[in-house]
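Got a structure for you, written out below as C-alpha coordinates; questions coming shortly.
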Amino acid sequence: MADLKPIMSVEELDRFMDVAFPQMHEGGRLNVIEAVGPGAARLRLRYSDRNLRPGGTISGPAMMALADYAMYAVVLAHIGPVALAVTTNLNINFLRKPSPADIVAEAKLLKLGRRLAVGDVLMWQDGQDGPVAHVTSTYSIPPVPGASAGNA
Amino acid sequence: MADLKPIMSVEELDRFMDVAFPQMHEGGRLNVIEAVGPGAARLRLRYSDRNLRPGGTISGPAMMALADYAMYAVVLAHIGPVALAVTTNLNINFLRKPSPADIVAEAKLLKLGRRLAVGDVLMWQDGQDGPVAHVTSTYSIPPVPGASAGNA
Amino acid sequence: MADLKPIMSVEELDRFMDVAFPQMHEGGRLNVIEAVGPGAARLRLRYSDRNLRPGGTISGPAMMALADYAMYAVVLAHIGPVALAVTTNLNINFLRKPSPADIVAEAKLLKLGRRLAVGDVLMWQDGQDGPVAHVTSTYSIPPVPGASAGNA
Amino acid sequence: MADLKPIMSVEELDRFMDVAFPQMHEGGRLNVIEAVGPGAARLRLRYSDRNLRPGGTISGPAMMALADYAMYAVVLAHIGPVALAVTTNLNINFLRKPSPADIVAEAKLLKLGRRLAVGDVLMWQDGQDGPVAHVTSTYSIPPVPGASAGNA
(Lines give C-alpha, C1' and ligand atoms only; values in the text may rest on other atoms or scores of the structure.)
Protein backbone atom coordinates (compact mmCIF):
# COMPACT_ATOMS: atom_id res chain seq x y z
CA MET A 1 0.00 0.00 0.00
CA ALA A 2 3.09 2.13 -0.43
CA ASP A 3 1.57 4.25 -3.18
CA LEU A 4 -1.67 5.43 -1.56
CA LYS A 5 -2.14 9.16 -1.83
CA PRO A 6 -5.31 11.09 -0.94
CA ILE A 7 -6.70 13.16 -3.82
CA MET A 8 -9.33 15.04 -1.79
CA SER A 9 -8.69 17.36 1.15
CA VAL A 10 -10.80 17.59 4.32
CA GLU A 11 -12.45 20.71 2.87
CA GLU A 12 -13.29 18.98 -0.41
CA LEU A 13 -14.71 15.98 1.45
CA ASP A 14 -16.84 18.24 3.65
CA ARG A 15 -18.19 20.08 0.64
CA PHE A 16 -19.04 16.85 -1.17
CA MET A 17 -20.71 15.31 1.89
CA ASP A 18 -22.79 18.42 2.55
CA VAL A 19 -24.23 18.23 -0.93
CA ALA A 20 -24.56 14.44 -1.14
CA PHE A 21 -25.89 13.85 2.38
CA PRO A 22 -27.72 17.00 3.48
CA GLN A 23 -29.66 15.00 6.10
CA MET A 24 -26.52 13.84 7.86
CA HIS A 25 -25.97 16.93 9.91
CA GLU A 26 -29.54 17.62 10.92
CA GLY A 27 -29.61 18.54 14.56
CA GLY A 28 -25.96 19.57 14.54
CA ARG A 29 -22.67 18.51 13.00
CA LEU A 30 -21.55 15.61 15.20
CA ASN A 31 -19.35 13.53 12.86
CA VAL A 32 -16.35 15.64 11.91
CA ILE A 33 -13.55 14.78 9.48
CA GLU A 34 -10.36 15.98 11.14
CA ALA A 35 -7.57 14.79 8.84
CA VAL A 36 -6.75 12.70 5.80
CA GLY A 37 -3.39 11.16 4.95
CA PRO A 38 -1.92 8.36 2.85
CA GLY A 39 -4.37 5.47 3.23
CA ALA A 40 -5.90 7.01 6.35
CA ALA A 41 -8.48 9.41 7.77
CA ARG A 42 -9.26 10.59 11.29
CA LEU A 43 -12.78 11.54 12.38
CA ARG A 44 -14.38 12.64 15.62
CA LEU A 45 -17.85 11.99 17.00
CA ARG A 46 -18.63 15.00 19.15
CA TYR A 47 -20.30 14.14 22.41
CA SER A 48 -24.00 14.97 22.50
CA ASP A 49 -27.00 14.04 24.62
CA ARG A 50 -28.49 12.54 21.46
CA ASN A 51 -26.00 9.68 21.53
CA LEU A 52 -26.40 8.82 25.19
CA ARG A 53 -27.52 5.42 26.44
CA PRO A 54 -28.46 4.17 29.93
CA GLY A 55 -25.46 4.21 32.23
CA GLY A 56 -24.05 7.35 30.61
CA THR A 57 -22.54 5.57 27.61
CA ILE A 58 -22.53 6.29 23.84
CA SER A 59 -25.04 4.35 21.75
CA GLY A 60 -23.84 1.50 19.54
CA PRO A 61 -25.65 2.81 16.44
CA ALA A 62 -23.88 6.19 16.85
CA MET A 63 -20.55 4.34 16.80
CA MET A 64 -21.56 2.25 13.77
CA ALA A 65 -22.59 5.42 11.93
CA LEU A 66 -19.23 7.00 12.80
CA ALA A 67 -17.36 3.94 11.47
CA ASP A 68 -19.39 3.89 8.26
CA TYR A 69 -18.77 7.60 7.73
CA ALA A 70 -15.05 7.19 8.47
CA MET A 71 -14.71 4.39 5.91
CA TYR A 72 -16.64 6.41 3.35
CA ALA A 73 -14.34 9.38 3.98
CA VAL A 74 -11.10 7.40 3.62
CA VAL A 75 -12.34 5.65 0.46
CA LEU A 76 -13.59 8.85 -1.20
CA ALA A 77 -10.43 10.71 -0.23
CA HIS A 78 -8.49 8.20 -2.35
CA ILE A 79 -10.82 7.57 -5.30
CA GLY A 80 -12.50 10.97 -5.59
CA PRO A 81 -16.13 12.02 -5.20
CA VAL A 82 -18.04 8.89 -6.26
CA ALA A 83 -21.39 9.12 -4.51
CA LEU A 84 -22.32 5.60 -5.56
CA ALA A 85 -19.62 3.72 -3.69
CA VAL A 86 -21.61 1.59 -1.25
CA THR A 87 -20.84 -0.33 1.93
CA THR A 88 -21.22 -4.06 1.34
CA ASN A 89 -20.03 -5.32 4.74
CA LEU A 90 -19.38 -3.84 8.16
CA ASN A 91 -18.23 -5.86 11.16
CA ILE A 92 -17.93 -4.15 14.55
CA ASN A 93 -16.58 -5.41 17.87
CA PHE A 94 -17.59 -3.31 20.86
CA LEU A 95 -14.66 -3.53 23.26
CA ARG A 96 -15.21 -1.18 26.18
CA LYS A 97 -18.07 0.92 27.49
CA PRO A 98 -17.45 4.43 26.16
CA SER A 99 -17.54 7.39 28.52
CA PRO A 100 -19.88 10.31 27.81
CA ALA A 101 -17.21 12.11 25.77
CA ASP A 102 -15.93 12.49 22.19
CA ILE A 103 -14.90 9.37 20.23
CA VAL A 104 -12.01 9.51 17.77
CA ALA A 105 -12.03 7.13 14.79
CA GLU A 106 -8.86 6.26 12.88
CA ALA A 107 -9.70 4.66 9.53
CA LYS A 108 -7.06 2.85 7.48
CA LEU A 109 -7.26 1.26 4.06
CA LEU A 110 -6.15 -2.38 3.99
CA LYS A 111 -6.87 -2.69 0.27
CA LEU A 112 -7.92 -0.34 -2.49
CA GLY A 113 -8.80 -2.44 -5.51
CA ARG A 114 -10.70 -1.54 -8.64
CA ARG A 115 -13.89 -3.16 -7.39
CA LEU A 116 -13.51 -3.43 -3.60
CA ALA A 117 -11.98 -1.30 -0.88
CA VAL A 118 -11.39 -2.82 2.57
CA GLY A 119 -10.35 -0.95 5.68
CA ASP A 120 -10.46 -0.98 9.43
CA VAL A 121 -11.45 1.68 11.93
CA LEU A 122 -10.13 1.88 15.48
CA MET A 123 -12.15 4.01 17.91
CA TRP A 124 -10.84 5.39 21.17
CA GLN A 125 -11.39 8.05 23.78
CA ASP A 126 -8.96 10.19 25.67
CA GLY A 127 -8.12 8.56 28.97
CA GLN A 128 -9.44 5.09 28.07
CA ASP A 129 -6.94 2.24 28.42
CA GLY A 130 -7.54 0.57 25.08
CA PRO A 131 -9.92 1.13 22.14
CA VAL A 132 -13.70 1.32 22.62
CA ALA A 133 -14.49 -0.41 19.32
CA HIS A 134 -12.90 -1.93 16.22
CA VAL A 135 -14.50 -2.14 12.79
CA THR A 136 -13.64 -3.74 9.47
CA SER A 137 -15.64 -2.73 6.43
CA THR A 138 -15.83 -3.34 2.69
CA TYR A 139 -16.92 -0.85 0.05
CA SER A 140 -17.97 -1.76 -3.45
CA ILE A 141 -16.65 0.71 -6.02
CA PRO A 142 -18.89 1.20 -9.03
CA PRO A 143 -17.40 0.11 -12.37
CA VAL A 144 -16.06 2.91 -14.52
CA PRO A 145 -18.11 2.92 -17.75
CA GLY A 146 -15.98 1.85 -20.66
CA ALA A 147 -13.22 0.41 -18.49
CA SER A 148 -12.05 -3.09 -19.34
CA ALA A 149 -12.87 -5.87 -16.87
CA GLY A 150 -10.14 -6.19 -14.25
CA ASN A 151 -9.42 -8.02 -11.04
CA ALA A 152 -11.17 -7.10 -7.83
CA MET B 1 -33.75 -24.24 20.58
CA ALA B 2 -37.01 -26.10 21.02
CA ASP B 3 -37.69 -24.61 24.42
CA LEU B 4 -37.44 -20.88 23.71
CA LYS B 5 -40.42 -18.94 24.97
CA PRO B 6 -40.71 -15.14 25.13
CA ILE B 7 -41.42 -13.79 28.61
CA MET B 8 -42.13 -10.19 27.57
CA SER B 9 -44.89 -9.00 25.25
CA VAL B 10 -44.59 -6.27 22.62
CA GLU B 11 -46.30 -3.88 25.04
CA GLU B 12 -43.90 -4.72 27.87
CA LEU B 13 -40.91 -4.29 25.56
CA ASP B 14 -42.21 -0.92 24.36
CA ARG B 15 -42.72 0.28 27.92
CA PHE B 16 -39.23 -0.83 28.95
CA MET B 17 -37.57 0.76 25.90
CA ASP B 18 -39.40 4.06 26.39
CA VAL B 19 -38.00 4.34 29.90
CA ALA B 20 -34.53 2.95 29.19
CA PHE B 21 -33.94 4.76 25.86
CA PRO B 22 -35.97 7.96 25.90
CA GLN B 23 -33.74 9.49 23.19
CA MET B 24 -34.48 6.70 20.72
CA HIS B 25 -37.76 8.05 19.48
CA GLU B 26 -36.83 11.71 19.24
CA GLY B 27 -38.15 13.09 16.02
CA GLY B 28 -40.77 10.35 15.73
CA ARG B 29 -41.15 6.66 16.43
CA LEU B 30 -39.50 5.01 13.42
CA ASN B 31 -38.35 1.62 14.78
CA VAL B 32 -41.46 -0.33 15.76
CA ILE B 33 -41.64 -3.76 17.43
CA GLU B 34 -44.46 -5.58 15.64
CA ALA B 35 -44.38 -9.10 17.09
CA VAL B 36 -42.46 -11.47 19.35
CA GLY B 37 -42.58 -15.26 19.23
CA PRO B 38 -40.50 -18.27 20.30
CA GLY B 39 -36.90 -17.26 19.58
CA ALA B 40 -38.00 -14.48 17.22
CA ALA B 41 -39.10 -10.86 16.89
CA ARG B 42 -40.30 -8.79 13.95
CA LEU B 43 -39.64 -5.05 13.70
CA ARG B 44 -40.36 -2.37 11.15
CA LEU B 45 -38.39 0.72 10.21
CA ARG B 46 -40.97 3.21 9.03
CA TYR B 47 -39.95 5.14 5.97
CA SER B 48 -38.93 8.74 6.67
CA ASP B 49 -37.04 11.48 4.86
CA ARG B 50 -34.55 11.35 7.73
CA ASN B 51 -33.25 7.97 6.56
CA LEU B 52 -32.90 8.88 2.90
CA ARG B 53 -29.61 8.75 1.01
CA PRO B 54 -28.66 9.95 -2.48
CA GLY B 55 -30.42 7.92 -5.13
CA GLY B 56 -33.56 7.60 -3.01
CA THR B 57 -32.26 4.76 -0.82
CA ILE B 58 -32.29 4.11 2.95
CA SER B 59 -29.09 4.93 4.85
CA GLY B 60 -26.85 2.11 6.02
CA PRO B 61 -26.65 3.44 9.61
CA ALA B 62 -30.48 3.46 9.81
CA MET B 63 -30.43 -0.24 8.87
CA MET B 64 -27.67 -1.03 11.37
CA ALA B 65 -29.65 0.75 14.10
CA LEU B 66 -32.72 -1.28 13.16
CA ALA B 67 -30.75 -4.54 13.35
CA ASP B 68 -29.27 -3.62 16.72
CA TYR B 69 -32.68 -2.71 18.08
CA ALA B 70 -34.20 -5.93 16.68
CA MET B 71 -31.52 -8.08 18.36
CA TYR B 72 -31.98 -6.20 21.63
CA ALA B 73 -35.73 -6.77 21.42
CA VAL B 74 -35.48 -10.50 20.75
CA VAL B 75 -32.89 -10.99 23.52
CA LEU B 76 -34.81 -8.98 26.12
CA ALA B 77 -38.08 -10.67 25.16
CA HIS B 78 -36.49 -13.96 26.26
CA ILE B 79 -34.39 -12.95 29.27
CA GLY B 80 -36.50 -10.12 30.66
CA PRO B 81 -35.77 -6.43 31.13
CA VAL B 82 -31.97 -6.36 31.64
CA ALA B 83 -30.88 -2.92 30.52
CA LEU B 84 -27.23 -3.87 30.78
CA ALA B 85 -27.15 -6.55 28.10
CA VAL B 86 -24.72 -5.12 25.55
CA THR B 87 -23.92 -5.79 21.91
CA THR B 88 -20.40 -7.20 21.58
CA ASN B 89 -20.41 -7.90 17.84
CA LEU B 90 -22.51 -6.95 14.84
CA ASN B 91 -21.79 -8.04 11.28
CA ILE B 92 -23.93 -6.71 8.44
CA ASN B 93 -23.99 -7.56 4.74
CA PHE B 94 -25.81 -5.03 2.58
CA LEU B 95 -27.37 -7.06 -0.22
CA ARG B 96 -29.61 -4.83 -2.32
CA LYS B 97 -30.29 -1.13 -2.59
CA PRO B 98 -33.43 -0.50 -0.51
CA SER B 99 -36.32 1.43 -2.01
CA PRO B 100 -37.65 4.54 -0.23
CA ALA B 101 -40.15 2.46 1.78
CA ASP B 102 -40.51 0.58 5.08
CA ILE B 103 -37.99 -2.12 5.99
CA VAL B 104 -39.08 -5.21 7.92
CA ALA B 105 -36.53 -6.96 10.17
CA GLU B 106 -36.98 -10.57 11.27
CA ALA B 107 -34.67 -11.37 14.20
CA LYS B 108 -34.02 -14.97 15.27
CA LEU B 109 -32.02 -16.34 18.17
CA LEU B 110 -29.37 -18.87 17.14
CA LYS B 111 -28.20 -19.34 20.72
CA LEU B 112 -29.32 -18.12 24.11
CA GLY B 113 -26.62 -19.04 26.61
CA ARG B 114 -26.02 -17.81 30.11
CA ARG B 115 -23.30 -15.41 29.00
CA LEU B 116 -23.82 -14.88 25.27
CA ALA B 117 -26.83 -14.61 22.96
CA VAL B 118 -26.32 -14.88 19.20
CA GLY B 119 -28.91 -14.20 16.55
CA ASP B 120 -29.43 -13.16 12.99
CA VAL B 121 -31.65 -10.52 11.41
CA LEU B 122 -32.99 -10.67 7.88
CA MET B 123 -34.27 -7.39 6.41
CA TRP B 124 -36.58 -7.13 3.44
CA GLN B 125 -39.05 -4.83 1.73
CA ASP B 126 -42.36 -5.55 0.10
CA GLY B 127 -41.86 -6.14 -3.59
CA GLN B 128 -38.07 -6.70 -3.42
CA ASP B 129 -36.84 -10.00 -4.85
CA GLY B 130 -34.56 -11.04 -2.00
CA PRO B 131 -33.47 -9.48 1.31
CA VAL B 132 -31.93 -5.98 1.49
CA ALA B 133 -29.54 -6.89 4.32
CA HIS B 134 -28.49 -9.71 6.63
CA VAL B 135 -27.02 -9.28 10.10
CA THR B 136 -25.51 -11.55 12.72
CA SER B 137 -24.98 -10.17 16.20
CA THR B 138 -23.78 -11.23 19.64
CA TYR B 139 -25.01 -9.89 22.96
CA SER B 140 -23.19 -10.27 26.25
CA ILE B 141 -25.56 -11.02 29.11
CA PRO B 142 -24.48 -9.64 32.48
CA PRO B 143 -23.75 -12.26 35.15
CA VAL B 144 -26.52 -12.79 37.67
CA PRO B 145 -25.11 -11.85 41.09
CA GLY B 146 -24.78 -14.93 43.23
CA ALA B 147 -25.14 -17.37 40.35
CA SER B 148 -22.50 -20.07 40.08
CA ALA B 149 -20.08 -19.84 37.17
CA GLY B 150 -21.43 -21.71 34.15
CA ASN B 151 -20.69 -22.28 30.50
CA ALA B 152 -21.12 -19.51 27.96
CA MET C 1 -34.40 -14.82 -5.27
CA ALA C 2 -37.35 -16.57 -6.88
CA ASP C 3 -35.48 -17.40 -10.05
CA LEU C 4 -32.42 -19.22 -8.69
CA LYS C 5 -31.83 -22.54 -10.39
CA PRO C 6 -28.73 -24.71 -10.02
CA ILE C 7 -26.99 -25.46 -13.33
CA MET C 8 -24.55 -28.07 -11.96
CA SER C 9 -25.47 -31.38 -10.31
CA VAL C 10 -23.72 -32.93 -7.31
CA GLU C 11 -21.84 -35.24 -9.70
CA GLU C 12 -20.67 -32.33 -11.88
CA LEU C 13 -19.55 -30.37 -8.80
CA ASP C 14 -17.63 -33.40 -7.49
CA ARG C 15 -15.91 -33.89 -10.83
CA PHE C 16 -14.94 -30.22 -11.03
CA MET C 17 -13.66 -30.10 -7.45
CA ASP C 18 -11.59 -33.27 -7.89
CA VAL C 19 -9.76 -31.70 -10.82
CA ALA C 20 -9.51 -28.16 -9.41
CA PHE C 21 -8.60 -29.10 -5.81
CA PRO C 22 -6.83 -32.47 -5.91
CA GLN C 23 -5.25 -31.79 -2.50
CA MET C 24 -8.60 -31.37 -0.78
CA HIS C 25 -9.32 -35.03 -0.30
CA GLU C 26 -5.85 -36.13 0.75
CA GLY C 27 -6.17 -38.49 3.68
CA GLY C 28 -9.78 -39.30 2.86
CA ARG C 29 -12.88 -37.64 1.51
CA LEU C 30 -14.33 -35.86 4.55
CA ASN C 31 -16.28 -32.94 3.05
CA VAL C 32 -19.11 -34.42 0.98
CA ILE C 33 -21.64 -32.54 -1.17
CA GLU C 34 -24.97 -34.26 -0.53
CA ALA C 35 -27.51 -32.17 -2.43
CA VAL C 36 -28.03 -28.98 -4.43
CA GLY C 37 -31.31 -27.16 -4.94
CA PRO C 38 -32.60 -23.69 -5.86
CA GLY C 39 -30.26 -21.27 -4.05
CA ALA C 40 -29.06 -24.00 -1.69
CA ALA C 41 -26.60 -26.83 -1.09
CA ARG C 42 -26.20 -29.38 1.71
CA LEU C 43 -22.80 -30.76 2.68
CA ARG C 44 -21.56 -33.13 5.34
CA LEU C 45 -18.29 -33.20 7.25
CA ARG C 46 -17.69 -36.85 8.06
CA TYR C 47 -16.41 -37.45 11.54
CA SER C 48 -12.73 -38.32 11.69
CA ASP C 49 -10.01 -38.43 14.35
CA ARG C 50 -8.21 -35.80 12.27
CA ASN C 51 -10.77 -33.17 13.22
CA LEU C 52 -10.82 -33.88 16.93
CA ARG C 53 -9.90 -31.34 19.59
CA PRO C 54 -9.38 -31.65 23.36
CA GLY C 55 -12.62 -32.54 25.09
CA GLY C 56 -13.79 -34.71 22.18
CA THR C 57 -14.98 -31.83 20.01
CA ILE C 58 -14.55 -30.93 16.31
CA SER C 59 -11.87 -28.36 15.49
CA GLY C 60 -12.89 -24.83 14.53
CA PRO C 61 -10.72 -24.79 11.39
CA ALA C 62 -12.43 -27.99 10.18
CA MET C 63 -15.78 -26.20 10.51
CA MET C 64 -14.48 -23.08 8.75
CA ALA C 65 -13.18 -25.23 5.89
CA LEU C 66 -16.57 -26.95 5.66
CA ALA C 67 -18.34 -23.57 5.49
CA ASP C 68 -15.98 -22.27 2.84
CA TYR C 69 -16.43 -25.41 0.77
CA ALA C 70 -20.22 -25.26 1.19
CA MET C 71 -20.34 -21.64 -0.02
CA TYR C 72 -18.08 -22.50 -2.95
CA ALA C 73 -20.37 -25.40 -3.85
CA VAL C 74 -23.59 -23.37 -3.73
CA VAL C 75 -22.05 -20.51 -5.74
CA LEU C 76 -20.54 -22.77 -8.42
CA ALA C 77 -23.75 -24.80 -8.65
CA HIS C 78 -25.48 -21.59 -9.76
CA ILE C 79 -22.84 -19.88 -11.90
CA GLY C 80 -21.07 -22.90 -13.38
CA PRO C 81 -17.46 -24.10 -13.03
CA VAL C 82 -15.53 -20.87 -12.50
CA ALA C 83 -12.39 -21.87 -10.61
CA LEU C 84 -11.44 -18.26 -10.03
CA ALA C 85 -14.39 -17.24 -7.89
CA VAL C 86 -12.74 -16.33 -4.57
CA THR C 87 -13.90 -15.86 -1.00
CA THR C 88 -13.55 -12.22 0.03
CA ASN C 89 -15.16 -12.44 3.49
CA LEU C 90 -16.15 -15.17 5.92
CA ASN C 91 -17.69 -14.54 9.33
CA ILE C 92 -18.32 -17.47 11.66
CA ASN C 93 -20.07 -17.64 15.03
CA PHE C 94 -19.35 -20.81 17.00
CA LEU C 95 -22.54 -21.53 18.93
CA ARG C 96 -22.26 -24.89 20.66
CA LYS C 97 -19.52 -27.41 21.32
CA PRO C 98 -19.90 -30.05 18.59
CA SER C 99 -20.01 -33.72 19.53
CA PRO C 100 -17.54 -36.14 17.96
CA ALA C 101 -19.92 -36.89 15.07
CA ASP C 102 -20.77 -35.74 11.53
CA ILE C 103 -21.63 -32.08 10.93
CA VAL C 104 -24.23 -31.11 8.31
CA ALA C 105 -23.94 -27.71 6.59
CA GLU C 106 -26.90 -26.07 4.86
CA ALA C 107 -25.71 -23.25 2.58
CA LYS C 108 -28.16 -20.71 1.16
CA LEU C 109 -27.61 -17.85 -1.26
CA LEU C 110 -28.78 -14.48 0.04
CA LYS C 111 -27.67 -12.69 -3.12
CA LEU C 112 -26.24 -13.74 -6.44
CA GLY C 113 -25.09 -10.60 -8.23
CA ARG C 114 -22.83 -10.20 -11.21
CA ARG C 115 -19.84 -9.31 -9.07
CA LEU C 116 -20.64 -10.59 -5.57
CA ALA C 117 -22.42 -13.62 -4.14
CA VAL C 118 -23.43 -13.63 -0.47
CA GLY C 119 -24.77 -16.58 1.46
CA ASP C 120 -25.10 -18.09 4.88
CA VAL C 121 -24.33 -21.56 6.17
CA LEU C 122 -26.03 -23.17 9.15
CA MET C 123 -24.25 -26.16 10.72
CA TRP C 124 -25.89 -28.72 12.93
CA GLN C 125 -25.55 -32.24 14.27
CA ASP C 126 -28.13 -34.92 14.84
CA GLY C 127 -29.38 -34.77 18.39
CA GLN C 128 -28.05 -31.25 19.16
CA ASP C 129 -30.64 -28.73 20.34
CA GLY C 130 -29.71 -25.83 18.07
CA PRO C 131 -27.01 -25.21 15.45
CA VAL C 132 -23.29 -25.67 16.24
CA ALA C 133 -22.18 -22.75 14.05
CA HIS C 134 -23.46 -20.06 11.70
CA VAL C 135 -21.48 -18.49 8.86
CA THR C 136 -21.99 -15.65 6.41
CA SER C 137 -19.64 -15.38 3.48
CA THR C 138 -19.05 -13.30 0.35
CA TYR C 139 -17.61 -14.53 -2.93
CA SER C 140 -16.18 -12.27 -5.63
CA ILE C 141 -17.16 -13.46 -9.09
CA PRO C 142 -14.60 -12.72 -11.78
CA PRO C 143 -15.75 -10.34 -14.51
CA VAL C 144 -16.79 -11.98 -17.77
CA PRO C 145 -14.42 -10.72 -20.46
CA GLY C 146 -16.26 -8.50 -22.90
CA ALA C 147 -19.26 -8.00 -20.65
CA SER C 148 -20.39 -4.43 -20.10
CA ALA C 149 -19.89 -2.94 -16.66
CA GLY C 150 -22.92 -3.61 -14.46
CA ASN C 151 -24.07 -3.26 -10.89
CA ALA C 152 -22.63 -5.48 -8.17
CA MET D 1 -3.81 -2.03 27.20
CA ALA D 2 -0.66 -0.61 28.70
CA ASP D 3 -0.30 -3.38 31.22
CA LEU D 4 -0.39 -6.47 29.02
CA LYS D 5 2.48 -8.83 29.71
CA PRO D 6 2.83 -12.37 28.32
CA ILE D 7 3.17 -15.05 31.01
CA MET D 8 4.08 -17.92 28.67
CA SER D 9 7.12 -18.11 26.39
CA VAL D 10 7.18 -19.52 22.86
CA GLU D 11 8.67 -22.74 24.25
CA GLU D 12 5.94 -23.07 26.90
CA LEU D 13 3.25 -22.44 24.28
CA ASP D 14 4.76 -25.05 21.95
CA ARG D 15 4.87 -27.61 24.75
CA PHE D 16 1.27 -26.95 25.73
CA MET D 17 -0.01 -27.08 22.14
CA ASP D 18 1.84 -30.33 21.43
CA VAL D 19 0.07 -32.01 24.33
CA ALA D 20 -3.33 -30.34 23.86
CA PHE D 21 -3.51 -30.62 20.05
CA PRO D 22 -1.40 -33.61 19.01
CA GLN D 23 -3.28 -33.83 15.67
CA MET D 24 -2.33 -30.30 14.68
CA HIS D 25 1.09 -31.12 13.36
CA GLU D 26 0.25 -34.32 11.53
CA GLY D 27 2.00 -34.30 8.19
CA GLY D 28 4.56 -31.76 9.35
CA ARG D 29 4.79 -28.69 11.55
CA LEU D 30 3.45 -25.90 9.33
CA ASN D 31 2.06 -23.34 11.82
CA VAL D 32 4.99 -22.03 13.85
CA ILE D 33 4.90 -19.60 16.78
CA GLU D 34 7.85 -17.27 16.24
CA ALA D 35 7.54 -14.66 18.99
CA VAL D 36 5.33 -13.36 21.78
CA GLY D 37 5.38 -9.86 23.26
CA PRO D 38 3.11 -7.50 25.21
CA GLY D 39 -0.36 -8.05 23.74
CA ALA D 40 1.07 -9.64 20.60
CA ALA D 41 2.27 -12.84 18.93
CA ARG D 42 3.84 -13.57 15.54
CA LEU D 43 3.30 -16.85 13.74
CA ARG D 44 4.37 -18.27 10.39
CA LEU D 45 2.58 -20.64 8.06
CA ARG D 46 5.35 -22.51 6.26
CA TYR D 47 4.72 -22.97 2.59
CA SER D 48 3.71 -26.50 1.64
CA ASP D 49 2.13 -28.21 -1.35
CA ARG D 50 -0.70 -29.21 1.02
CA ASN D 51 -1.92 -25.63 1.20
CA LEU D 52 -1.85 -24.94 -2.51
CA ARG D 53 -4.91 -23.99 -4.55
CA PRO D 54 -5.45 -23.61 -8.30
CA GLY D 55 -3.43 -20.73 -9.70
CA GLY D 56 -0.55 -21.37 -7.28
CA THR D 57 -2.15 -19.67 -4.29
CA ILE D 58 -2.55 -20.60 -0.61
CA SER D 59 -5.93 -22.05 0.42
CA GLY D 60 -8.37 -19.90 2.40
CA PRO D 61 -8.93 -22.58 5.08
CA ALA D 62 -5.16 -22.76 5.68
CA MET D 63 -5.18 -19.02 6.33
CA MET D 64 -8.22 -19.24 8.62
CA ALA D 65 -6.53 -22.03 10.59
CA LEU D 66 -3.41 -19.88 10.90
CA ALA D 67 -5.47 -16.94 12.20
CA ASP D 68 -7.31 -19.12 14.70
CA TYR D 69 -4.04 -20.60 15.94
CA ALA D 70 -2.45 -17.13 16.17
CA MET D 71 -5.35 -15.79 18.26
CA TYR D 72 -5.22 -18.86 20.50
CA ALA D 73 -1.48 -18.35 20.97
CA VAL D 74 -1.74 -14.67 21.87
CA VAL D 75 -4.64 -15.28 24.28
CA LEU D 76 -2.97 -18.24 26.03
CA ALA D 77 0.33 -16.37 26.23
CA HIS D 78 -1.45 -13.79 28.38
CA ILE D 79 -3.86 -15.88 30.46
CA GLY D 80 -1.86 -19.09 30.81
CA PRO D 81 -2.54 -22.64 29.62
CA VAL D 82 -6.36 -22.81 29.64
CA ALA D 83 -7.24 -25.47 27.07
CA LEU D 84 -10.93 -24.64 27.27
CA ALA D 85 -10.76 -21.09 25.96
CA VAL D 86 -12.84 -21.29 22.79
CA THR D 87 -13.25 -19.16 19.68
CA THR D 88 -16.74 -17.65 19.57
CA ASN D 89 -16.33 -15.47 16.45
CA LEU D 90 -13.88 -15.15 13.59
CA ASN D 91 -14.22 -12.68 10.74
CA ILE D 92 -11.74 -12.79 7.86
CA ASN D 93 -11.28 -10.49 4.87
CA PHE D 94 -9.18 -11.96 2.09
CA LEU D 95 -7.35 -9.00 0.56
CA ARG D 96 -4.84 -10.24 -2.02
CA LYS D 97 -4.04 -13.52 -3.70
CA PRO D 98 -1.15 -15.01 -1.71
CA SER D 99 1.94 -16.23 -3.53
CA PRO D 100 3.14 -19.81 -3.03
CA ALA D 101 5.35 -18.80 -0.10
CA ASP D 102 5.28 -18.47 3.71
CA ILE D 103 2.61 -16.32 5.36
CA VAL D 104 3.41 -14.32 8.49
CA ALA D 105 0.58 -13.57 10.97
CA GLU D 106 0.81 -10.73 13.47
CA ALA D 107 -1.83 -11.16 16.21
CA LYS D 108 -2.67 -8.31 18.57
CA LEU D 109 -5.03 -8.18 21.54
CA LEU D 110 -7.61 -5.39 21.34
CA LYS D 111 -9.19 -6.40 24.64
CA LEU D 112 -8.43 -8.94 27.34
CA GLY D 113 -11.43 -9.08 29.66
CA ARG D 114 -12.39 -11.62 32.25
CA ARG D 115 -14.90 -13.28 29.96
CA LEU D 116 -13.95 -12.24 26.43
CA ALA D 117 -10.70 -11.62 24.57
CA VAL D 118 -10.78 -9.81 21.22
CA GLY D 119 -7.90 -9.41 18.82
CA ASP D 120 -6.95 -8.90 15.23
CA VAL D 121 -4.50 -10.71 12.98
CA LEU D 122 -2.78 -9.16 9.99
CA MET D 123 -1.26 -11.59 7.46
CA TRP D 124 1.37 -10.69 4.95
CA GLN D 125 4.07 -12.13 2.74
CA ASP D 126 7.53 -10.88 1.91
CA GLY D 127 7.44 -8.83 -1.25
CA GLN D 128 3.64 -8.29 -1.29
CA ASP D 129 2.51 -4.67 -1.38
CA GLY D 130 -0.09 -4.83 1.39
CA PRO D 131 -1.52 -7.56 3.63
CA VAL D 132 -2.99 -10.79 2.17
CA ALA D 133 -5.70 -11.07 4.83
CA HIS D 134 -7.07 -9.42 7.96
CA VAL D 135 -8.92 -11.19 10.77
CA THR D 136 -10.76 -10.17 13.91
CA SER D 137 -11.66 -12.83 16.41
CA THR D 138 -13.26 -13.27 19.83
CA TYR D 139 -12.38 -15.88 22.43
CA SER D 140 -14.57 -16.85 25.35
CA ILE D 141 -12.55 -17.38 28.50
CA PRO D 142 -13.98 -20.00 30.87
CA PRO D 143 -15.09 -18.69 34.26
CA VAL D 144 -12.66 -19.32 37.09
CA PRO D 145 -14.48 -21.55 39.61
CA GLY D 146 -15.15 -19.64 42.78
CA ALA D 147 -14.52 -16.24 41.22
CA SER D 148 -17.16 -13.60 41.77
CA ALA D 149 -19.22 -12.52 38.80
CA GLY D 150 -17.51 -9.65 36.95
CA ASN D 151 -17.88 -7.59 33.81
CA ALA D 152 -17.11 -9.08 30.43
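Quick notes
We just call them A, B, C and D in the order they show up, numbering each chain from 1.
Note that in this section a contact is a pair of C-beta atoms (placed from the backbone, for glycine too) under 8 Å apart; a residue touches a chain by one contact, two chains touch by 3 or more.
These numbers were taken from a predicted model, which means no experiment stands behind them.
The chain with its CA mean position farthest from that of chain A is C. Residue numbering shows that chain B and chain D use the same positions for more than half of their mutual interface.
Here the CA centre of chain A is 27 Å from the CA centre of chain D. Inter-chain centre distance (chain A to chain C, centres taken as mean C-alpha positions): 32 Å. Taking the mean of the C-alpha atoms as each chain's centre, chain C and chain D sit 23 Å apart.
Each of residues 86, 88-89, 91, 93, 138 in chain D touches at least two other chains. Residues 1-3, 91, 93, 95-96, 110-111, 118, 120, 129-131, 134, 136, 138 of chain C touch chain B in their complex. Those residues of chain B that touch chain A in the complex are listed here as 20-21, 23, 26-27, 49-55, 59-61, 64-65, 68, 83-84, 86-94, 97. Residue ranges of chain C in contact with chain A, taken from their complex: 86, 88-89, 91, 115-116, 138, 140, 142-147, 149-152.
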